[in-house]
Every structure is written in C-alpha cells, then in structure tokens.
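Structures are listed in the sections that come next.
After this come two complexes, each holding chain A, first together with chain B and then together with chain C.
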Partner chain A sequence: MSLITTLARLEAVSSGRAQPTATVRHRHLSERPLVFVPLTTAGEAGAPLGALVGTDRDAPRLLVVPQPRDRDLRFSFLADLADTVLPYLDSHAESVEAAERTETDPETGKRVKVEVELCADAPQLIVPSRAGLDLVRLLGRSMRFRRTAEQDPEAPHPAPPRIPLLGRWLTHYGERSRVPGSALLLALTDVLSRHWATGQSGLEDQHLGALLAWIDPPDGTRGDEAARGAELARDAAGQLLCPPAGPATDPAFDNKLLAPAIERYDRARTALAAAEDALAADDRLAALTAAEREVRDLVESRTRPTWDAVWRGLDLLRALPQGAHAEERWTRDRWSFTGHRDRVLAGEPPQPRRDDAVTAANKLAAREREQARLEAQEALDDPLVMAGRRLAGEAFAGEVTDVVLAYSEGKRPSPRPLVTVRTDDRPHLAERARVYRSLGGKPQSAELVGQEAEGVLVLRVLDRMGRGREPEPGSVPEKGDRLCFTLFEHEQRGGAKLPDPQDTPWTHGGPPGEPAPEAPDTVTEEDVL
Partner chain B sequence: MTTVDFDPGAAAARATDAILHDTLHGTERGVVVDSPPGAGKSTLVVRAALELADAGRPLMIVAQTNAQVDDLVLRLAEKNPDLPVGRLHSSDTDAYDKALDDLPQVRTSARAADLGGLPVVLSTAAKWAHVKVDEPWPHAIVDEAYQMRSDSLLAVAGLFERGLFVGDPGQLDPFAIVGSEQWAGLSYDPSASAVTTLLAHNPALPQHRLPVSWRLPASAAPLVSRAFYPYTPFRSGTGHGDRRLAFAVPSDGSGPDRVIDEAAESGWGLLELPARHTPRTDPEAVRAVAAVVRRLLDRGGAATSERAPGTPLPLTADRIAVGTAHRDQAAAVRAALAELGVADVTVDTANRLQGREYDVTVVLHPLSGRPDATAFHLETGRLCVLASRHRHACIVVCRAGVGDLLDDYPSTEPVQLGTLVKFPDGWEANHAVLAQLSEHRVGWRP
Partner chain C sequence: MDKARLASALGAPSAFGQSQFALTRGNAFEARVKADGGAELLRLAHARLDPGAEPPAGAAVPDLSAHGPEGRTARTALALREAAGAGGWTLLDHPMLALDVAGSPAFLEPDAVVVHPDGSWSVVEIKSFPMLDGSADPAKVGAAARQAAVYVLALEEVAARLAPVPRVHHRVLLVCPRDFSNLAAGCAVDVRKQRAVTARQLARLTRIEEIAKVLPKGATFAPDRGAEELTAAVEAVPATYAPECLSACELAFHCRERSREAGAVTRLGRPLRAELGGLTTVEDVLAAARGERGDPDDPAVAALRRAAALRAEALRTAEARACADAEVAALCP
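For the complex of A and B:
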C-alpha cells in the first residue's frame, strides 16, 4: 500500500467516510452494461442457485435453480442464462467499423497493413465482487467443453445448444479480466476501491454493501457505522438486512430459509411423480409451482438488494469524469472482443484447458506490459494519483527557474537545452537518471545533470525538439513553466516475439503436439443422482 | 563435518573439472551448476567460455543485466586479450560500459549480424530475445540462470543447441509484477525460474555444484550454508585466521562503535534498536545505518586477507555496501549518508546487490519495525543476498522484536498443487539467522 493510500485510509477512519483516491474514473463504463448477480449453492463447487441478470436496472431477469443438485435444472438455468447473455453479446458483434492492423504476410514474411473489422462497441459485464469473477471463470470452464446433441449425437447427457458457446465467451471474459486496466468484465468492488479508500481492510472492501456504506452513507449516518450495519445487522428472524453480494450466501439464510424451501420443493416433486390420476396430478403440480415460487422469491430477495447496490455503485462511478486514457484501454478491450468473435466465427475449438508454454508466456508478458501502462496512464490522467507517485519519489513537480540552450557534440549539433527546475518533492534520482514529461500527449525525455542545491535540479532535455538546429517552438520548457516529470516511462515497449507454439524449444518440453480433443470426464455415480 | 583434511582448493578444482568435462564432452543438451555465494561462478563462466572457444566452438553467453554482461566481457578480456569477443547491446544510449571501447579485441554492436563469426558473443537475455538466427549457436552459457525467468529462457532457447546453466539457487527468485497463480504447478510456469522449467522437462541433465565459497569468511559460511542451503552444504575457502579486520581508532563506547568491534571480532554484529512499529523508512534505523558507515570509515579500518597475507589494505568507501529491502529505504540511507558527508558507499536493494562483493556490509533488516511479515519480506533469497555479500563482516541494524513478529506470522502462503516447495522457507531461514545474530547483539538507544 502506498503512503498516500495509507493516509487516505487513516483519514477515512477518522472522518468516518471513504476518501477519494482518484479524481477521474479510470475504467471505461459502458452505456448499457450487462449486470450479473449470481448466487451459488453452499457445499458444491460451481452449482448455481440463481441469478439476476440484465441490462435494465428496473427489469432484471431472475433465473433460479429450485434444486441446485439437479443437473437438468442446472442446464436449463445455464440455457436461460445463455438466452440472456448471448443476444447481448451478439448485438455488439454486428456493428463494426473499419480498422487497420499490422500482420505478418505469410508469403513474404513482411509486416503489412491489413483492413480488418473492429466492433464499434464491446459488451461489458459487471459482477458485484471479485468472487463473482471467479464464478464467471468457473462457469466458463464447466460449459465450454460440453457437447451438444448436434455435435455428438451419441453423448449420454447432451448440453442444450448454446451452452458451450456461452462457456467460451465467459472464459474469454474471465481471462480478459486478468489483464490490468481491462474493462470487459469488472468486479464492482474492485473498481470502487480503486477510486475510494475506506477505513477498513482490502478484504472487507469486498463486501459491496459495506463498501457503498463507506463511500455514500445514508443521510445523517457515519460511513463506518453504516458499514458495520451492512455487515452485521439482522432482522428479528436472524437474517442479514444487507445480504452478502455473493455468489456465496449467508449460512443463516441457507439453514433457516433456503434448505426448508428446497426440501418442500423436493417433496412436491416426488409427490407429483407419484400422482396416480390427472386430478391429483393437477393439485400436486399446483403445489410444486407454489414451492418453486417460494424458492424464486427467496433467491430474488437475496439478489435484488445486491442488484440495486451494483447500479448505485455504477451511478457513483459515472459521476466521475472518465480519465483521458481509459478510452484507449477500452479500444484494446474492443479488439479483444472482436478477436474472440472472429475465432468463434472461424469455427476454432474452445480455449484449451491449460495454456501451452508459449501462450502462457505471451499472456504474462502482455499483462506485465499492461500493468506498467496502466500505472503510468493513471498517473498522467489524474493529479491525485500523480501526487501519490510524487510522494513515493517516482515523480516530481516544480517550476522552471532557468533555461540555457546548449547543443550536443558531434557533426550535426542538436539542441540539448539545460532546464533548471525547483521542486519541493524528493524524487529518488541518481546522476544521469532519465525523467519524462508529457508534451502534447507524447513523452519528452530528459536526464538529470546535477543537483545545484536541495530541490534544485538541472535537467538536459533530450528529444522531441524537431530535426533542426533550433528547437521547435513550444518544445522546450520556458522559465516560469510548472512541469511534472516522472521517473517512470509513459509508454511501454513491445516485448520480444516468442517462438510459435509448434517451435517450443527443448527447454520447455518441445512442441505440444496436436491438440487432442478434450475427452469428457467419465460419468460417475454422483453424476446421476 | 567429517572432512578433517578438507582442501578447499582441490575440492573446487575437482568440481570445476567435472563441470568442464560435461560441458565439453558430455552428451546431454544441458549442464546445470548450482553455486553458493562467492563460489567462483564468474570465474567458472569465464573458464568454460575460454575452453569452448579454444575448442573452436562458437559460443553465446546470456546474462541477466548489462552490468553482468560488461563484467564478463572485461573478465574474458583480462584472461585472454587475444580472443575476439562480441558485445551485443541495445540501441539505448549508454547501453554498455564505455571501458569496452578501449579494448581492441571487443567488437560492440546493436545488431547480431555485425558480430557473426566471432568465437564469443555476449548479451543480456532481453536483447538476445530479439535476435533471429538461421543456424543456432552450438553452445551457450546462461549466467545467473536462477534469476532468469522461464519465459525469458523460452525466448532465447531456440538460439542454441547445448547450454551450460550457472546460478545461485539461494538468491532472489525472479518475480512478475502481475499475478501468475493461473500457471502455478505447470512445468513451464512462465514466472518460475529458468532452471526450474529446464529441469522439469529434462530431469536427466547433469547437475553440479561448487562446494567452496571464496568470498564468505569462515565466520559466515557455516551460517549461510545452514540457513539457506541446508541440503547442499558448502564451506569457506579460508580458515578462521586468514581474514582480519582491525581499526586504528579505538571505540568511543557508542552503539555503532561497539557493534563494529563485535563484527570485526566475530564477523557478525547486530545493532538492535528499541522495539517499535515504524514506517518503512524508519528515520532512527536509517540514521543508525549511516552512523555505522560513518564510523567504519572514520576509524581507519584495515582488512587483511589471504590475497595479501600480512599486508592490511585500508577499508575504503568502495569496499563497504549498505543493503536494504526497498528502494525508498536505500534512498533514505543515501540521503542520511550524504548528510554525514559520506560518498562512494554503495547503497542498494537486495535485488541490485546480487552478485556483488564487499569487505563489510551494513544491512537494514527487512523485518525491522514492521507490524507484519509479508511473503516479500520473508523471502529467503532476500535475506540470503543481504547476508552473503561480505568478505569480512556483516552488521545488521534492526529493531527489537523480529523474533516475536516471526512467531506471530507463520508463513501462510497458499499451497499450489504441483509446485516444488522451496526449503528452507523464509520463516525458518530468518529464525536461523536471527539466532546467530543474537549472539552478537549490541543494544543501542540512539
């Protein structure tokens, strides 16, 4: 935790209200995001209990699995989810704009520009908390290898048609959310805690209700008290007033309300199956419908508060103006979405269960690059973030007190002006260290020549002054200018190209070989309850 | 130990011969050499390079930083001034040490094509990753292979047919700035060390280790070996009487002077400040570090070693280093030293001190003043680097209470399936070092 965040958290503790750690919004928010508030069943990994999902804050779609251990019901839940999510994804896949991309020509091996499609906007998924991200990944993994009756007529338990496709998309979104600065799939608690510091721990910030209470407490209350209430307050029946954002549910809810309701549903279903005549069946069907209704109401009662909280959180974030570089990162997200759309259209197989050596290395390199890019861009977009970097000695702001035009040695001397900057910051600068400032959105670099006195730095400007002997107007700082230099680079260099997977070297196990089709897990007794 | 008549020189020579034999005449594609601190790793690399060049086998050398590459070039040039050497460098300004320009046999270029045909070409892993070749090099030496990340080896492994991988398994592991749990347990986890991946896929490769540390004094080798290399012990190349640190100016009785005397006598010193939770750049501890360094210089230290028996050499600023865990701590120490008028003393983090050697080191303990013991601060390699840079003495400055802190925070890193659990863990290594240091404790209230 940086010093400035520690300070913000201490201020939050003493004032009883979350403190802003950003002045702009550092993530793109879609006009029409798809919010997904899932719940899972305790004790069984990845067994959904229900979800609220949709793009309209007033009309979410409620999906419920009245008996979460029943795999047919689970499939129909996933099929309903696919019916909601896939049309939303498709609606973005169709509207495209022309764009250019550099590709290697397979015949000549040269880098050439090619005209490609880029989706004009990308679908954005919002889940309440980080645990929701994990569930999205888990659902993706559990669905993308399923075989439909069309793909494999012999398979004993075919999946409904659109389930494998949804699994591939959720997998893509889950992977993309690991890329720093990406916004295709966001956990709201992560985004909120990027913009506000509360007086509680990072782990506690994962409770959406408590986090919102810190940021925007109800009128007349302190945030810390409201947060405590959100975490602990229970009604007369012992139920939490603010249900956890899930996907896990509160054990008191599971034991006292959910388990009895599911049991009633089971009994009604058994009774219906045992009905001997139409009249009895009618009655029992009504009882079953009522029992199902009861589970639905319970699930809705626990997801609806979270649903509303998510939209409230989005309102809070929308009130911040978007950071300048967030759009550029969102364009990368659009590329990511378009790329996966094209892979699906091209009939490529689902993402493999594990990355091969080259893919893993490429992903890690890309994420490290994005992390460095994100840190630089957030600081450039936001003076409050930059203040944190200045406090950490990674940047400094000051006033130009002197400019002396000097030239480089050599046949064609180029301008290398010496700029004296007086600063109150304490950057961790060594002799000849590089520093950068933003000049018209591009980084201009300079090196430290020396320190005249405490806080008086002499810098030699190195580039972006044009090709001529005289520097271009406006490219050299002037006396009296207030400037901010960073010790970190503003732009990231691309990494080296790794070998193709089929050329994986001997040190990493050699080529992975032909991808064998993923065999479905063998059916065990537990699969057919 | 049972080796009563242990001859360190002979033991080291035997190990080196076996390594060179496997490298020059072996049938496997790789040879792995584990080297404890100061065991002559660079000497081995230079020797292997010269022998491969003599045998007429073109060789590429991969090191991790530009400083390491330049150092190897200079050593090669020193050992064999007639051997043409290529230094491949990046296109940045100041990409390499300008001292190389004075050597006629060293050709420098930013393009690998310019260096074709030279018997030895050296560069960093990052630069090699951009090189494309039609015909791979028959041989490569990968230096500091334990500090190289697996993905970085993936990028360069196609450039050579056979490799000698040399490194110190006890130092800091490579790290990634983003989470990589997703690949934990895979044999080719891109964030693991190059050697881990190499051995996971090629378990039959011959593995050697260098048995003698020439740097660490007899007072330090047993502790470093026990605490950080419990299953691959090594010993010092020198005996207890071979090294001596003496000061012309007697102690003034202050904490820094007493801890300096203790360290001169025993090789270790712990300057313990009163227990307190502090920010990372604990001003008192930082000032204490600076005061110790100031006194080391003021008291006219002289170091006698086996290199020149009977001829004490003055303990100058360039023979002293200060080690910290964080960069802001290093910056704070530098500022404090500047206030005391001390220049030319190296102050750096453990990461940057790797592979360097000094007569005396002053270490700000990574856990000093902390309320918690995170994985970063517990990392075995960090403490190992800090405690194994010295030829004569190591002085640790620390707040009291680290022992309690360790007991309050047992290591609780999540267990990942399929990963090798590293022994010893940081908790155990920290306790071992602390137990030794506590015998050389000097309490001080500044």
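For the complex of A and C:
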C-alpha cells in the first residue's frame, strides 16, 4: 500500500466515508454481465448449496440443492447451471468480427498475417468476492473431467451432458482471472477496493456488505457505523441481518435454520419412498415439495441480499468514466475468450490437471507482463495513480522552461532537442536514464542529460519527431508546457520466446510426450462424507 | 478463562462458530481414516514418513482413557514409553499432551501420534479440507502445520523425560480427503520452521504471574460481572490490536472497538506503523499531512505532506477534466 492510499484510508476513517483511490474505472464492465452468487455447504469440497445466477437484476434464476450430500441433486444443480451459463456464453461466441493476427508460418518459418475471427464482445462473469473466484475454479475442476453417458456408457454415475463443457469454461474463466487487469471474471470486492479506500483493513474489505457501507452509506449514517452493522448486526433469532456474500454461509444459519430444514426434507423423501399406495404417495409428495420449498426459500433469503448488493456495486462502478486503456485490455480478454471457443470447437481435450513446463512458464511470463502493463496503463489513465508513482520517484511532472534545438552527429543529422524541465518531484534518475512521456497515445522517449540545479532537469528528446531534418509540428515540447514523464516504459515487450513443448529441455522434465487423455476422478459409491 | 463468553459479556460477541455440517464431515472423515485399527492411517504413515521400515500389520492401539486431563496425560506418557520399547508400529488415538505456556500447563489433544518400529514418534493431523491434485489450500496447510508444531514441542517434552530419549520426527503426516472423494490422501509436512517459531514465541511469552502483577487488586474476568467492570479489567491488560486478530481471537471485536476509540492506525494493518514512523493515531497523521502539527524535518512527516499535496493535485486535475468533459457533452448533445 503506497503512502497515498494509506492517507486516503485515514481520511476515510476521519470522514466516515470511503475516499477515491482512482478517478476513472480501470476495468471494463460489460453491458450485460452474468452475475453468479453461489453458496456452498460447509466442510464439503465444491458441494454447492444453491446460487442466484442471471443477467437480469430483477429476475435472477434460483438454483438450489435441497440435500447437498446427494450426488443426483448436485448433478441436477450443475445441469441447471449449465443451462443458464452456456447459452449466455454461446450468445457471444456467434457474433464475430474479422481481425488479423501474426502467426509463424509452419513451412517457411516467417511471420505472416493471418485473417482470423474475433468475438465482437466477450461474456463477463461477476462474483461477489474473492472466495467466489476460488469456487468458480473449484467447480471447473470438479466438472471438466466428468464423463457423460454418451462419452463413456460404462461409467458409473454418469454426469448430465454439458457439465464437462461448463467445467472447461469455468476453468478457463478461473485461470483468466489470475491475469492482472483481465475482466472476464471479476470479484466485485476486488474491483471496488481498487477504486475506493475505506477506513478499515484490507481483510475487512473482503466483506461486500461492509465495503459497500463505506462507499455508499445509507442516508444519515456514517460509513464506519453502517459497516459495523453490516458485519455484525443480528436479528432477535441470532441471524445476521446482512448475510455474508458467500460462498460460505454463517454457521448460525447452518445450525439453526438450514440443518433442520434439510432434515425435514430428508424425512419427507424417506416417507415418500416408503409410500405404499398412490393416495398416500400424493400426500407425501406434497409434503416433499413443501420441504423443498422451505430450503429454496432459505437459500434465496441468504443470496438475494448479496445479489442486490452486487448490482448496487456495479452501479457505483458504472458511475465512473472508463479509463482509456481499459478497452484495450478488454480486447485481450476477447482474444482469450475467442481462443478458448476455438479450442472447444476443435474438440481439444479439457485443460490438464497440471500444466506442462512450457505452458506453465508461458502463463507465468504472461501474468508478469500483464502486471507491468496494467501498472503502466493505470498510471497513464489516472492522475491519482500517477501521483502515487510520482511520490515513489518513478515519474515526475513539471513545466518546460527552455527548449534548445540540437541535432545528432552523423551523416544525416536528425533533431535531438534539449528540453529543460523544472519539477518539484524527486525522481530516482541515474545518468542517461531513459524517461517517457505520452504523445498522442504513443510513448516518446528522452534521456537525462544533466541536472542544472535541484529540480531542474535537462532532457534530450530521442524519437517520434518524424523523418525530416525539422521535427514535425507538435512533436517537441514547447516552453510553458506542463508535462509528465515516467521512468517506466509505457508498452511492454514480450520476453524471449520459450521452446515448443516437444523441445522442453531435460532440466524441466523433458518433452511431455504424447498427451494422454486425463482420466476422470475416481468415483466412490458415496463421494461425500 | 472462556474468552468467547467474556466477549459476549463485554458486548462484542465473537463471530466464531462451526457449522454442524463441517463438524459432522470432519468427524466422519477422521473416523473413516482411523477405522479398522487405523490400518489406512498407518499405511499412509509408512508410505509417506518411513518407507524404509517394515510395513505395518496388526499395529498396537493402546487404550488411553483415564480420568481428567492429568490422568490422560500420564496414561499417554506411559503408553509412549511402552511403545518406544516394543518395536513395531503403534497408533495412539487422541493422546493427551501437556505443554507449559507462560507458566501454566495447557493440555493438547493431537488427532493421533504414531510410534515407528525404531521407537521414534510422529504427529498425525487429520483435516477435512481437500487435497486437490496433490495440493491443498496453503493457508489451511500453514495453520495445520503451526498446530502440529505445538504438538511436536509437547511430544519433545515427554521424550526428554525418557532414557534413551526417543526421536520426535519434525515431519508430520497431514491426512486430507483426496480430490472430491472421501478417500484419504497423506502428505508429509516439514514443520521445523513452525516448531522453531513456536518455541521462540513460547520462550518469550510474558509469564502469567507478571501479567497478574500489573492487574489492579480484585480485577476479575468472570463473565457474570457488569460490562463496565469487565471492560476496566480487560483494559488493564495491554493488547495491541491488528486486523489479523479477527481470525484468531474471540476478543478481537472488543479490541477493535477500543482501537477505533483510541484512533490507532494499526487498526488498518500492521505495515502502516512502519510507514508512518512515530505517528500512531489517525488524528496525528492527518494533522501532520495538513501541515498543522509535526516536525517538517521528520522524514515520515515530510513524505506525508508530499503525499497529501500530490493527492490533492491529482484530485483537482481529475475534477477539472470531468468538468471539461461535462461541458463538451453539454455543447454537443
């Protein structure tokens, strides 16, 4: 946390309201995102209890598992989830635009431009909190190796069709959410705390209700009081007034409300199975439906407040203007979506349990590159972020006090003007250090020639002045201009290319060999405890 | 002392509690792993901790029941001594160990302790979070390792009283459900670091008598007293709240309130203290940033003022930009 953010947090403490840490929105928000508010059963790995899911804030779809330990009920939950999520994904996969991509021609080894499809927009998934991201990843992992009856008629407990496909998509979204700056799958608490500093710690910011209370307290209350209420207030029966955003539920809810309701459901089901004649079965079926209804109502009562909170958070974010570079990062997300769509269409197998060495190294390198890109772009888009970089000595702003036109030595002298900048910032500049400024969206570089006095820097501009002897108009700073130079590069270069997987050196395990299809997880007679 | 009840009496009840679903599952998994004389557990211990030893078959599982924690501790020590000389695998199901914490004994109950054929001892920790594709949630594994390290220390105390001193392994066996099934997966976890940290912290802990000395005469933490009296008593014991307390201590909400009233900056996280130097309260920091108080030669104060100036400038720029945008929008409908 930089000192500027710390200061914003302390101001939030004393003013009782969250303070901005960004002046623009640094993430793309889709016009029609799919919001997913899941709940899980405590203690079980990836055993869902229910979820609200949908793209319409007034009409979410409620999915419930009335007995989370029943495999068939869990499967039917996942099948319903697939029926909601996959059509949403498909609706984006169909509308495409033409784009170009450079690829290495396998025969000549040359880099050539290839005409490819790029999806015009990508589906965006929103979950309430970071734990929701983990659940998406876990659900993806639990589903993508399942076998349907069609794939393997012999398999015990076959999964409904489309479940493995949903698993692959959720895995892709879960992986993509680890790339800094990506917006395919967002945790709302992360995005909100990127844009506002509250008067509580980062740990407490994970609570969506408390976070929203700080950012947008109800009329007439202070954020700290509202946040405390959201976190701790309970009704007379001991239930939290603002249920946690999940996927974990409050233990008091589990013990006092959910467990008895599930037990009643179990009893009604046993009674139905034991029914002897049609008349008795009808009555007992009605009892079972009522018991199921009860669990559904309980799950809805815990997810609906979170659902509304997510949309409120999205409203707050939409009120901020979008940062200039967010669209460019969203285009990368669209590429990622299109790429996975193509892999699915081509019939490639699901993502392996463990990546091979080259894939893993590529992923890591991509994340590092995107992190650097994100940091640079956020600073360029947002004066408040740039202020943090200036405070850290990684950028400086100042006024041009003098410009002297000079030329490079050599056969064809080109312009190398000397610009004197007076700044109050204290950049960490070494001799001949490179600095960059944004000129019409492109970086123009300059190097430090010397320091005339404290805070008076002489820079030599190096590029983007055209090919002629005279620099192009507007490409050289003028006296009186206020400029901001950064010490970091604006655009990221890719690192050295890694070898193909079949050329993996022995130090990294050697070539992975022929990809063997991943075996499904072992299925035991009962896979919950 | 029951801190949860004390917290409720103070008017800041703790939010801890376990869902019965998690509890049932945890117990069911542990029972499954230990079923059949602990055959599965011993198989994992043999495979993960001591593959060189003879395979376990018909291991001894001594009965450890006794009256009261002291009795059980003594019974456990006896069983350990017998097992160390017996040669062969022995499984101690829920033994009881004692550890000296700040001058008073604390009783600990590990899930299991395994005695190897060579007479050495290992701690077994059974957890119900899953091990997915060979890896588990690092935070949960860390917590389990810290817990096991305490058991290792307690076992070492028992071992030190025997002659010859049996070896206590610093690798513990962590048993978790595998993937999405209820089958057991075992993994050896090295707890040397956690053990060293815990040993150091235990040695540094303020003795209970010393804490008692600073308390005013007649102070009591009995939860049936009035909130005011209790607050005064709790106040008398110095505590430094940090957000990490929320996940560890029942009194955290109470301390957070106190910290908020005092305006302490550590409430927002420990690293802040390092950043802000000698400024410990929110008011001090903000006054220093505004230039009303503080020594301008103090580097922390100087950095704060620069940060405040830069932040104000950036917010002005953004506002001017937003105004200009609004004007443009108004001009070109």
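One rule holds for everything that comes next: the second predicted complex is superposed on the first by the 524 of 529 C-alpha atoms of A that agree within 3 Å, B and C clash if a C-alpha of one lies under 4 Å from a C-alpha of the other, contacts with A are read in each partner's own complex, and residues count from 1 in each chain.
Just so it is clear, a contact is a pair of C-beta atoms (placed from the backbone, for glycine too) under 8 Å apart; a residue touches a chain by one contact, two chains touch by 3 or more.
Predicted, not measured: the structure shown is a model, and the values here were computed from it.
Touch criterion not met for A:Ser475: it reaches neither chain B nor chain C.
In the superposed model, A:Gln492 makes contact with neither chain B nor chain C.
By the touch criterion defined above, A:Pro20 lies against chain C but remains apart from chain B after alignment on the C-alpha atoms of chain A. When the two complexes are overlaid on their common chain A, residue A:Gly43 makes contact with chain C while staying clear of chain B. Between chain B and chain C, the partner in contact with more residues of chain A is C.
Contacts of A:Asp355 after superposition on the shared chain: chain B is touched, whereas chain C is not.
Residues 3, 354 of chain A touch chain B in one complex and chain C in the other.
Contact residues of chain B toward chain A in the complex are 29-30, 94, 126, 129-130, 150-151, 153-155, 157-158, 163, 176-180, 182-183, 186-191, 194, 197-198, 201-202, 279, 327-328, 331. Those residues of chain A that touch chain B in the shared complex are 3, 178, 180, 354-358, 360-361, 363-365, 367-368, 370-372, 392-393, 428, 432, 495-496, 498-499, 503-510. Taken together, the chain C residues at the contact with chain A in this complex read 15, 17-26, 28-29, 32, 128-130, 132-133, 177, 179-183, 243-244, 246-247, 253, 260, 263, 265, 267-269, 271-272, 275-276, 282-283, 285-286, 289, 303-304, 306-308, 310-311, 313-315, 317-318, 321-322, 325. Chain A meets chain C in the complex at residues 1-4, 6-11, 13-14, 20, 23-24, 41-46, 68, 138, 141-142, 199-204, 224, 232, 249, 251-252, 254-255, 259, 321, 353-354, 382-384, 386-388, 390-391, 521-524, 526-529.
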